[in-house]
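Next come two complexes, and both contain chain A; in the first it sits with chain B, in the second with chain C.
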Partner chain A sequence: MRISKTWSIILFLPFLICFTLFLIVPFVYGLYISFHQWSIFGGNGGFVGLDNYVSILTPGNVYSNAFYNGLKNTLIFVAISVVPLVVISLALALVVDSIPDKLKVFYRTVFFISYAVSVTAVSAIFKWLFTGNGGYVNNVMNTFGLGTPNWLNDQPLAWIAILIATVWWTIGFNMILFINALDEVDQNLYEAAGLDGANWWQRFSYITFPSIKGVFVFLTIITVIASFNLYGQTLLITAGGPAQSTTSLIMVIQQVVFNQNNLGMASAMSMLMGFVMVLIVAAQYFYTFRKD
Partner chain B sequence: MKKSKSKNAFILVAATLLAILFLLPLIFMLFTSFKALSESMSSSALFPRAWTLENYSSIFGVAADVPVIRWLANTGIVTIAGTALVVFVDVLAAYALARLNLPGKKFFFTMVVVALTIPGIVTLFPMFYIFRELNLINTFAPLILIYSANTMGVFLVYSFLKGFPRDLEEAAVIDGASLWQILRFVIFPAIRPVVATLAVLTFLTIYNDFLWPSVVTSADEMKTVTVGVANLVQGANFVNPGRMMAATVVATLPALIIFVAANRYFVRSVISSGIK
Partner chain C sequence: MKNFLLYLAIISVLILSGCGGGSGSGETADGKIELTFINGFTGGDGDYMKKITNGFNESQDKYVIKESQEKDHYTKFKTGNYDLVMIHTDLLETFKQDGMIQDISSLMETAGISPDDFHPVAKEQVTFDDGVFALPLDIHPMTMFYNKKLAPEAPQTYEDFAKLTTTLQQQDPNLFATGVPSAGLGEWFIMTVAAQNGINMVEDNHVNFSQEELADALMIYHDMIFKDKISPQGLGLDGEFQAFMKQVDEGGSAVQTATALTGPWYYQAVKEAYGDDLGIASVPVIAEQPGVYGAGHTLALPSSVTDEERMAGLAEFLKYMYTPENLINWADSGQAPTHIPTMELVEADPEKYPLSAQNIKQFESFEGAPKLYQYREQVRYVVENVYPKVVGDANITKETLMSELKKATEQAKQVAETAPQ
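Presenting the complex of A and B:
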């Protein structure tokens, strides 16, 4: 090609600048801040080495209590959310995929529509669906004499409400990726299997699933990452309660920045959180591809 | 043949029931916004018995205590500028990576992939601090600029370009076309579906983003609609479901309209082309 190197650099430059300014610089700066006593309003209060990290990891003080509580709650949410978010969207994709083509687009759009709804709107809707007193779900349950559970103030009901809101919000996106993957499965394989008299489950486990496994692993990984980032739903639906049992790690970090004015500590927490996420994702990735 | 027809009918019925169940939260949102306070707190019916516009007039009327129109305008500015920036930056970078002799191409590509694994929380508060030191809190700058480090977009367009034949471009080069002409008349038309997908995904991401805009806007009149309505949801005195749903309808409708209008651009495989 006769297009010069100079031009290729010029085309790449805007991205490189943005990438450096808004990713590399804050990352390095965050690492630097995490080794300092640093407040939002007072700025750098001096180098403290690993002190922030030690405080977070040594059980007993206020920062480690908050960090462990946030980490525990976040891991609970990851544990209860990833399987339904992946499995329900796959089931939905299989249903939509077997609808005749003309109608498929319509159903695909319907189930994908919640992707366009913000976490604020999702939370507002589900907060009023599940509010104990005057909430819609309890009004309906009351009509049928089913009682009025205190959804947002009792566990495990609070997690169930948050989980339902999150599933509703997220499965559409996962479903679209599954449908795209299903569209590309070689149809000849199904015909051959049909001639051999394979039943539905055999066709799924021997043809469909192996063909979409790459997308399945990718979606599981991005779902784990998304669930780790739990913030808006618990902030807006349960405000972290009852008794801080839904206070997520990002909520904890945010409180350390703004309520305790300790950016150094919060940066160390963010780094640790990032480290845990990368470890889990790497383990997932390694586990899947070692078996292949 | 008959058997497969009844099977189709069964699937259609199942899908329709699921679709209605799936749409219930949105239907609840819409109809509750037309209910008066007492009905919204006690009714187990979806449809309002007595329709009222008072929730909407309390948001938009002269006596409105929340600047919803201002929030919508802010969101409009931020999403349009942010999306344009991302598309411009990402498409050029992806083209340079996929097609041109960019020095250090392998290094940059690895960098893009590695950056995909950096969780957002790690850079969020340092970035807030930097913008704060620059006195840019409560301006449009932090609300727009940070989305431009969008490695996912580069990756998406890169993967699409990789699967697109070079012949046309080479013919254009032989004919003496300039880089601009190649981009304008060969590349851009060919990658339009992926650019549209990137634009819609970016638009919705920015429109619906919550944590970052809530951190960098403290002044009420600089909030985006997502943050503004979130404050209403959290507000202890905002205990009127009808009014909250009216605000939510207003905040959600623009994104829903854009989404439905752009839905045809989510062309088969475009999103997943980046995964394989």
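Presenting the complex of A and C:
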């Protein structure tokens, strides 16, 4: 069927309008605001050039302290979360893919359903589980004589608790994409490999992984972006503590906007955050591209 | 192509019209003028405020109050359009300097309310050099709840806490006199001990933490945990309340406290848990003199409200609300009203309003937040970084603490400098 040019444009239009309204316009407007002294209530207080950026990037002042601390914490979370979020979801996808078809739908739903839970509910559950004073995890550990760590008030335990909550919450999304990719792998290759006597690891290394590599790279990139957007879990489970060690960059930006009313500074922080994300994602992309 | 462009224009208008922000205020279907009131009363007290606004709406044929109770009501207020807003006392200076609220004196006059109708502490909180910027509603100081089964008498001094700990520890090593949390009410713990030591926390336009006396005062909490074992270690976020609500099982991992120095908003929860075994008392003197910190709710007039008709409606509402028989609903929720005629009703029946009556007694030693621009941001570093070290690091020294307090003061100074010129 051939779609006319007009229909193509009409079908494409909703995306174009939304993309422009919700991405291009806010981005350009945000960039404009970042060069101004701008109060959320008082509006534009005048052009300040690069002053907001200079304040953020010059160490020692209140904005740079908050920004660098938030960036450091966010990078820590990205570093510790991306591997488990990708590897565990791949492992789950391989397990679910290998079980009989009748059970596949059931387990796919079971593992995906946590993704449908709101961050508020997830955080409430995990806060209760990891509470140091009589939380469920500590009660179980105490029963087996394993001590009662202060999960939410000591590091690195606070990060571990947030990581476990995040993995449980979001693993289903990555897993579904991996399962879809695994469904596309040519079964004839496995049959041929079986005839050649290939074991599980050889089949995975030489057939499965190369076939799903595109999805793997894509998921790694979107997981990095998702981890950069850490906000709800740290806000609700640890409130950014202990000692601001889980205060993410988005929490800092939110505080600058809604507590300090400083939209100009917060916009500059957002631009810098976006720049760091682009650098990391571009590095990932070019590394993969160069290797190929 | 012409039709196509027309469709494009219609779609764009439809989408853009959906992007319009703000709550907006107007008229109801039956011609009443709708006035929007936003607050953060999402706890047990919300129902009692609803009782007041519903009562007003039923009494009216000209105005109607549309009340929004939102958890994050400040964000909504800043990005929306409202006629009346609840603001905590510690934020009034910031909201005033940022031009978000206006002098409410003329509205009060129309409503027949005078600043002298309020307790002097409350009056002082809303009165500025350039006018009165809010109507006081209540003061919620730090409160002490105690479990009568574990503590038959309310502790009144540090020594009482120490004695209670000795008694409880003989019963069970998981029982403690009280809980010092590392996060949540940190600001209240810091400022309460500062008030009890008579420390002036303000220098010029910022909070001055860099004082030897404050370091000594904060070390009291350190000693309560690590030296005298009055509080368990590592209680974490809102730990003073969580530990009070725990029931210790033999061999369990939980610790329980006999008292909680906490916020009055937990009243409904503790009442439900303890019933007749719940005791309510003033905060003990753990330092030199009586003193207690806390905050208060006020009602402020957004700068955007200028229409005379709306002002008249708001005056009607305030007149209704600040009638003692109506405002007493607020005391019923556990809050302590600062409106003197309503306070008198509470004091006349302390059995019916136990928490409210107890907290009114604390007004005399109450120390509110200083009137500083971005006060909450000024105290952020000390609350989130310094205080957790005091109550979490067994080996912290006064030298280390002083160096952190200097850093906190420097940050407070920088935040103060961001004030509009």
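In this text, the second predicted complex is superposed on the first by the 272 of 292 C-alpha atoms of A that agree within 3 Å, B and C clash if a C-alpha of one lies under 4 Å from a C-alpha of the other, contacts with A are read in each partner's own complex, and residues count from 1 in each chain.
In the analysis below, a residue touches a chain if its C-beta (ideal position, glycine included) is under 8 Å from a C-beta of that chain, and two chains touch if they have at least 3 such contacts.
Bear in mind the structure is a predicted one, so any value in this text is a computation, not a measurement.
Engineer: Once the shared chain is lined up, is A:Pro242 touching chain B (first), chain C (second), both, or neither of them?
Structural biologist: Only chain C is touched by A:Pro242; chain B is not.
Engineer: I'd like to know which partner A:Tyr115 touches here: chain B for first, chain C for second, both or neither.
Structural biologist: first
Engineer: By the touch definition at the top of the document, which applies to A:Pro210: first (chain B), second (chain C), both, or neither?
Structural biologist: Neither: A:Pro210 stays clear of chain B and chain C.
Engineer: Of chain B and chain C, which one touches more of chain A's residues?
Structural biologist: On the superposition, B touches more of the residues of chain A.
Engineer: Return first, second, both or neither, reflecting whether A:Asn259 touches chain B, chain C, both chains, or no partner chain.
Structural biologist: A:Asn259 contacts chain C only, not chain B.
Engineer: Just chain B (first), just chain C (second), both, or neither: which does A:Asn65 touch?
Structural biologist: Touch status of A:Asn65: second partner only.
Engineer: Could you tell me if A:Leu129 is touching chain B, chain C, both of them or neither one (first, second, both, neither)?
Structural biologist: The answer is first: A:Leu129 touches chain B but not chain C.
Engineer: In the superposed arrangement, does A:Ile40 touch chain B (first), chain C (second), both or neither?
Structural biologist: A:Ile40: touches chain B and chain C.
Engineer: So, A:Gly194: does it touch chain B (first), chain C (second), both, or neither?
Structural biologist: Neither partner.
Engineer: Once the shared chain is lined up, is A:Asn150 touching chain B (first), chain C (second), both, or neither of them?
Structural biologist: Once the two structures are laid over each other on A, A:Asn150 reaches chain C alone.
Engineer: Residue by residue on chain A, keep only those touching chain B in one complex and chain C in the other, then list them.
Structural biologist: 9, 14, 18, 21, 40, 131, 134, 139, 142, 239
Engineer: Report the residues of chain C in contact with chain A in the complex, numbered from low to high.
Structural biologist: So the residues of chain C in touch with chain A come to 4, 7-8, 11-12, 15-16, 19, 74-75, 78-79, 98-100, 182-184, 232, 234-237, 239, 242-243, 246, 251-255, 374, 376-377, 384-385, 388-389, 392, 411, 414-415, 418, 420.
Engineer: Under the touch definition given earlier, write down the residues of chain A that touch chain B in their complex.
Structural biologist: My answer: residues 1-3, 5, 7-9, 11-12, 14-16, 18-19, 21-23, 25-27, 29-30, 33, 40, 92, 95-96, 98-100, 103, 107, 109-121, 123-129, 131, 134, 136, 139-140, 142-143, 168, 176-177, 180-181, 183-184, 214-215, 218, 225, 228-229, 231-232, 235-236, 239, 250, 253-254, 257, 263, 266-267, 270-271, 273-274, 277-278, 281.
Engineer: Could you please specify the touching residues of chain B with respect to chain A in the complex?
Structural biologist: Residues of chain B touching chain A: 8, 11-12, 14-15, 18-19, 22-23, 25-26, 28-29, 32, 40-44, 85, 88-90, 92-93, 95-97, 99-103, 108, 111, 115, 117-130, 132, 145-146, 148-149, 151, 154, 170, 173, 179, 182, 204, 207-208, 210-211, 215, 226-227, 229-230, 232-234, 241, 244-245, 247-248, 251-252, 255-256, 258-260, 263, 266, 268-272, 275-276.
Engineer: Provide the residue numbers of chain A that touch chain C in the complex, in ascending order.
Structural biologist: Residue positions touching the partner: 6, 9-10, 13-14, 17-18, 21, 39-42, 45, 61-62, 65, 131-134, 138-139, 141-142, 148, 150, 152-154, 238-244, 247, 255, 258-262.
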